[in-house]
Amino acid sequence: MKIVPLEAYLILSLLLFGLGVFGMIVRRNLVAILMSTELALNAVNIAFVGADSHLGLVDGQIFALFIIALAAVEAAVGLGIIVAIFRLRKVESSDELTDMGG
Amino acid sequence: MELVPAVFPFIPLSIVLPLLGIVLIVLLEEKFAKWIALVFSGAVFVLSLVSLLYFDFSQAQKVQFYQSITLIEELKLSLSFGADGLSYLMYILTTLVSFVAICWSIRDHQINHRLKEYYTWFLLSESSLVGVFTSWDLLVFYVFYELTLVPMFFVIGIWGYKLRLYSAYKFFVYIFVSSLFFLLGIVSIAVEHYRQFGKFSFSYFDLLQNQYSLAFGLFLFLLFFIAFAVKTPIVPFHTWLPDAHGEAPTAGSVVLAAILLKMGTYALLRFNIGLFPEVAVFLMPVLVLWGIATIIFASWFTISQSNVKRFVAYSSVSHMGFVVAGMFLLNKEGLRASIMEMFAHGLTSASLFMMAGFIYNRLHSFNMQALRGSIRFMPVFAVLTAITGFSSMGLPGGSSFWGKFLTIMGAREYTLQLALLVLAGAFFSVLYMLYLLKTLYLDVKEEGRLVHFTDVRGFKLVAFLLVVVPMLMVGLLPFLFFAFFDAHIDLLLRMVLKSLGGGLWN
Amino acid sequence: MDYLGFLILAFVMLGIALLMVFLNYLLGPKAPSALKDYPYECGVPLYDKSAQATFHQGYYLLGLLLLLFDIEAAFLFPWTVVYRYLGVFGFVEMFLFIFILTYGLLYAWRKGALDWQFEEEYID
Amino acid sequence: MELKDLIQIEIPKLALFVPELIVLITGFLLFSLDLIYKRLSHTLAISVSVIGYTLALLYLVFNFDLTGETFYGLYIRDSFSSLLQFFMILLTIILLAFTLQYQRFKRSLYGEFYYLLAFSLFGGMVLASSYNLLLIYIALEAVSVSFYILTALQRRDFTSKEGAFKYLILGGLAIALASYGAVFLYIYAGSFDLRHVLHFNAPDKGFLILGLVFFLFGLAIKIGVVPFHFWLPDAYQGAPTPITAYMSSVGKIAFFAPVIRVMPLVQEGFHNTWVLVVGTLAVITFLYGNFVALVQKDVKRMLAYSSIAHSGYILAGVSVASAIGLKAVIYFLLAYSIMGMLGFLVLAVLERSGSWENKLEDFDGLKYSQNFMAWVFAIALLSLLGVPPTVGFLAKALVFMSLAYGKLWWIGILMIVGIGVSTGYYLRLIVLMFMKERERRVIANPTGFEKASMILMAASLLILGILPMLLWNYISPTSEMLFRR
Amino acid sequence: MESLFVQLLVIGIKILVILGVVLGLGAYLTLVERKVAAHIQRRPGPMVVGWHGLLQPLADGLKLITKEDIFPRAGNRFLYNLALVLALVPAVLVFAVVPFGPEFEVFGVKVKPILTDVNVGLLLVFALGSMTVYAIALAGWASNSKYALIGSMRKAGIIVSYEVVITFAVMGPVILAGTLSTYEIVQQQINQKLWYIWLQPIAFVIYMFAMLAEAGRVPFDIQEAEAELVTGFTVEYGGIKFGLFPLVEWYVEVLSLSAIAVVLFLGGWSPINIPFLGFVDPLFFLGPLSPFVWFVLKVALLFLFVLWLHWTLPRYRIDQITETAWKVMLPLTFVNLVLTAVIAPIVWR
């Protein structure tokens, strides 16, 4: 029984994904940027689960599980880098990451 | 085209020997460098002369000494070397001029540092130039064609005069970028061969069989033409040349003017006309007029130069104008004129640059005003210069005479007006050369403080003689040279006529 | 439908919680004074206006460790449920997994991530 | 249905997986070494890595014809994966010759370095041998995450951390995009196997195109294609230079591998879309990369932009979805991996000189104090420029050839413009090194291993250019095989 | 299949039971604690309000409700209140997956005494348990007080550490049972005639420790540490809000985690177990009520055990607590997991 149509999942996940990307662009706090990428990945998870309920398979959930795991890894590495950045310099926002003119 | 297999690997040997020389130079001490280079380039020169004995002049349209090693079967990419009459002539010119350049360098005061590198570059340049003129695989041709850039780039940049960095840069960029179009053209016709015959091929002989629609042929022709127009050069594309030739050390200018420019015209003849005869015919009027325009403009530029090297450099451009104009007349006289002029200019420009270099060694100036009447007390040098100058001018008996005369003849076959235009060009070239000779011989410095310079002797004399003697031969015994390429010209004309189905430009 | 009860309970509890939040506001006396909302500071004046400063890095590290190990647990749970059908193969796989996990733990231990006062040089 | 019946256990054919396994075990060994020794002997770590990688390499070489699928079809070994893996392992071994001295000079001796290298190599090897979106995703993460950390491994260097953070964020976005693409492909075909997905014939191809676009855009970020390249120059500049070399060679091979696997599967239906999208991206990429490289003052950054430009050239080959294009792409990729790496490695050696800052002025008259290095760098630069008879030339010629095959003249002409621009900055370096007179002592004596490696790489640039069949004879059947699939 | 109405009715009754247990019993457990503590310390405890202080919780509640609503200046009012909601709701929701007894039939309606019997029940427990971290971190952050912040960080650190430990500890029983449904786990124990505590002593001990830590009970109540931090993260909360935090933390959580412990290790509602042989039920005379009584008894026992510890042991330092979790307990759970995997085939049969 499909209570929720596929489109609903996809629209929700696209919204979340867009929000994540938007956050990546407009946020200035390093941790917030990192969280935005996580948001985007979780949007993908929702889409996967939705696809699974649409197709009646479980592969998507396996993928989602891996995404969760690797998103965690990425977050861990990201936090580590942020901590390292803070230790070198008290950086308030991503505007200050301009040592290389980038 | 028919192929005659080699009895002895003259051509591969001529490519490999200089490379061996490089290895020796790198391994041994610096003081041996010049002698190794001399020996190896001499050996190649002798080799090329010996190969004359084996060249079958009766079948000069065939590709002789043919040898081939397949690199990639699937693309039919192969190292294939060989020489028909035209290639062979260029091959001999290359070995001769390379040897001359190295002879000259041995006693050149300007070449006093980084000798190992210097001679390495010259040997590499010789090797790659031989490769250019004797390759029958288009991609391999391109490889050698580009490879010639590298040695000259370094030679200009390291041992050149004041503006050497800028000139080296400009030289490389102009030629490299333009020849990328050529590369695109090569691969395009290889792919076209695949479309028509079901397999890729870079072999010149296979590619001759391709048929093109006029529009596509025109496109490909232009791809090729851009590269060679810059290399040759034809007037609006010539700006790299005065810089490169003017700033290069003497031997570098010699090689540049005598051989590198010939690569452009050789390739025009071989590829643009050989592969796309229809398009060549279609574009003939434009190209002939373009060639004539090149002669006239370049002559005009020449006469306004105050730097003698730049003067000679611009004169090269105007000579190239004759080559291009003659070539695209697409008749027997025109093609003969073009090839003769290529060879002749190889000798005269080499000689003229050596002259400039020689005077510089004495006066430390390239200024036309500074060298007024400077050669009065160097009789041998004066004689050599005079022969060169008159040859270049196109005096009957001089080497350039045949180029100019036959071009006018060829033009006359179409219309009188065209012939008159060429004649005007010839007149201008007489004008600037006379001006040069006048400055050297007749003008006197007001101060009258003339020093007795040492005359030309030793290796430099040898170098001069090596170009002046053939120069006289070209002027006096032209039929010797016609034997090299007449057969090839007939072949080309047959192709042109076949593609045309009759009359030309009526 | 399994979760219907759960949902209802969740909403009921939400209602109760919100009620609790506003209960004092509804029933309590309202006598504001300047010092009532003063943050507790043992009676001395506030040192910093804002206490929401960054905190000890040890907490970050703990967060990182939780993130990683909890996720590994997420991988193990499905395995625990179906382990009985997997046989030796499942055991070997799991053993490798736990082995790597232990390795990770050892690594964190060795690098000092588990020590409350870790050495500085491992961070940059 | 019972849970029991759903479970089918396939015993993996480990013989196919041995090279990866060896690399992985090497990684764990290095990990253990780092755990056991408080002060790790880096010579030991390097020896262990080299031995491990060499074993993997030998296995690969002696079983080059081994093919097959295992792990439920997730993992595939074919000649393509073997070829790419061979290069990846070889380049990693070469890289190891350069790391120790550099890190010692920068005082950034980390034990993490070695096993992260091993893990990223493992990820890259897996990436080269899968059609499965799930495995591609995991391998992509394995490579990327290792790269993030490796980028940050420069002690007390803010640019390093900054580059790593930017890489992380855009890398994260890339992964998110790629996996979002995987969702759409999954919805389209109900499978993660790209072969199945792209051969699936549903009337409505909307999800397929959407999925491919997302998936490839994700990969495009990783590769450094232009509208998505922002991380690349910063990460490349900030990373320790040997790592930059590693990212630009092994990383590039790894990230291009799935693209190359997708390329032959492009169907007639959206062939034109493919050409237009990929071709446009390629053009933008190499033009932008070259123009921006031209104005760089920092040579490392300049080479990073040149790396972007080369991605563009490779993409130009990718846009021609035909066998000849595939051959060109693989050839170019492998060629670039050598020359790009060599370029950065030369910088890695030179950076050990005291006041060296990778600025253009530092290269003035380098030939006089560092003859050997100058020559090697010159060969690398000439190859990057595409001057014959280097391997870079043949690579570009093949890309031209595939463009001619696809009748994409506009890309060809624009590529000439791009290469023309690139002449400017490559030649400038050569001019500075060989033709400037300034006497400036640069003390950075390469060790014997470094010298040998550099000679090997420079020689291979020349030899592969002169004798292209050495590489071609492997590439050609491989791409035919990929197209038959 | 019963009608929707009956289903809703059953659900409503279950919810009422849970609310009664949690809020009513929870409140009264404060009195129990005070009494137990008092008797451990040889004093009578609350004696004034009602017989032996029986009405004390009610009095306390009334007092707290009628306090003034105070909010710390420069705090974040939304997060401040959200923290309370986040603390209360998940803690109670855990009871939704606690099976109080076996399935029975009333008026022809089959009733499972568990609100939501789903196949991922145990995961739900940990998912909800993790929510407390948010509540605590938000409470500390929104209060804008250093005491609160430090307290909340400590508490969050402890939960974070023990969250991992507890997750790995419960994997042993799950392997043996082969299911994540709490109801099924108990059923499996009855079928296999085995309380899992017999095979999982390590897991059980670790679980108990982790439970103490998660609930902030002695010896792991460093976040409160009255001597240094006043009351930790609740320092800026007043009135009923102040009352609810300890209620949730000390009583509701301990109750729910004890219940889960009973489910996982002590065979849920089953009577006393003789391993592999069967069950002995001294309370057989209670008939169908006996399983429920057993369940309540076991939970009560665990709860009293916790109280006993609370008033007996000293307090650990924060570094000791976290380091114990990572360096001792987590490796032990790994060992336990592997051992369980090895011996698991014994119980499957």
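Each chain gets a letter, A, B, C, D and E, in the order it is written, and its residues are counted from 1.
Criterion: contacts are C-beta pairs under 8 Å (C-beta built on N, C-alpha and C of every residue); 3 or more make two chains touch, one makes a residue touch a chain.
Just so it is clear, the structure is predicted and the values come from calculations on it, not from any experiment.
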Report task. List every chain that touches both chain C and chain E. Result -> none
Query raised in the report: Where the centre of all protein Cα atoms falls, which chain's Cα centre is nearest to that point?
Result: D
Report summary line: Note to self: most contacts are between C-E
Query raised in the report: Which chain lies the greatest distance away from chain D when centres are computed from Cα atoms alone?
Result: E
Report summary line: Taking each chain's centre as the mean of its CA atoms, the one lying farthest from the centre of chain B is chain E
Query - Whole-Å gap between the CA centroids of chain A and chain B - result: 64
Report summary line: Averaging C-alpha coordinates per chain, one finds the centres of chain B and chain D separated by a number of Å equal to 43
Query - Rounded Å distance, chain B centre to chain C centre (Cα mean) - result: 80
Query raised in the report: If you average the Cα atoms of chain C and of chain D to get two centres, how far apart are those centres in Å?
Result: 39
Query - Where chain B touches two or more other chains, by residue - result: none
Query raised in the report: Which chain A residues reach two or more other chains?
Result: 73, 80, 84, 88
Query raised in the report: Residues of chain D touching 2+ other chains?
Result: 156
Query raised in the report: Tell me, which pairs of chains are in touch?
Result: A-C, A-D, B-D, C-D, C-E
Query raised in the report: Okay, in this complex, where on chain C does chain E touch?
Result: 2-6, 8-10, 12-14, 16-18, 20-21, 23-25, 27-31, 36-41, 48-53, 55-56, 58-59, 62-63, 65-66, 69-70, 73, 76-77, 80-84, 91, 94-95, 98, 101-102, 105, 108-109, 114-117
Report summary line: The residues of chain A that touch chain C in their complex are 65, 68-69, 72-73, 75-76, 79-80, 83-84, 86-88
Query raised in the report: Considering the complex alone, what residue numbers of chain E touch chain C?
Result: 7, 11-12, 14-15, 18-19, 23, 65-75, 81, 84-85, 88-89, 92-93, 96, 115-118, 123, 141, 143-150, 153, 156-157, 160-161, 163-164, 167-168, 171, 174-175, 178-180, 230, 235-236, 238-241, 244, 318-319, 322-323, 326-327, 330-331, 334, 337-338, 341-342, 344-345, 348
**Report entry** Complex contact set, residues of chain D against chain B
**Finding:** 324, 382, 385, 387-389, 393, 396-397, 400-401, 403-405, 409, 412-413, 416, 419-420, 423-424, 427-428, 431, 434-436, 467-469, 472, 476
Report summary line: In the complex, the residues of chain A that touch chain D are 6, 13, 17, 20-21, 24, 30, 33-34, 37-38, 40-41, 43-44, 47-48, 51, 54-55, 57, 59-60, 62-63, 66-67, 70, 73-74, 77-78, 80-82, 84-85, 88-89, 97, 99-100, 102
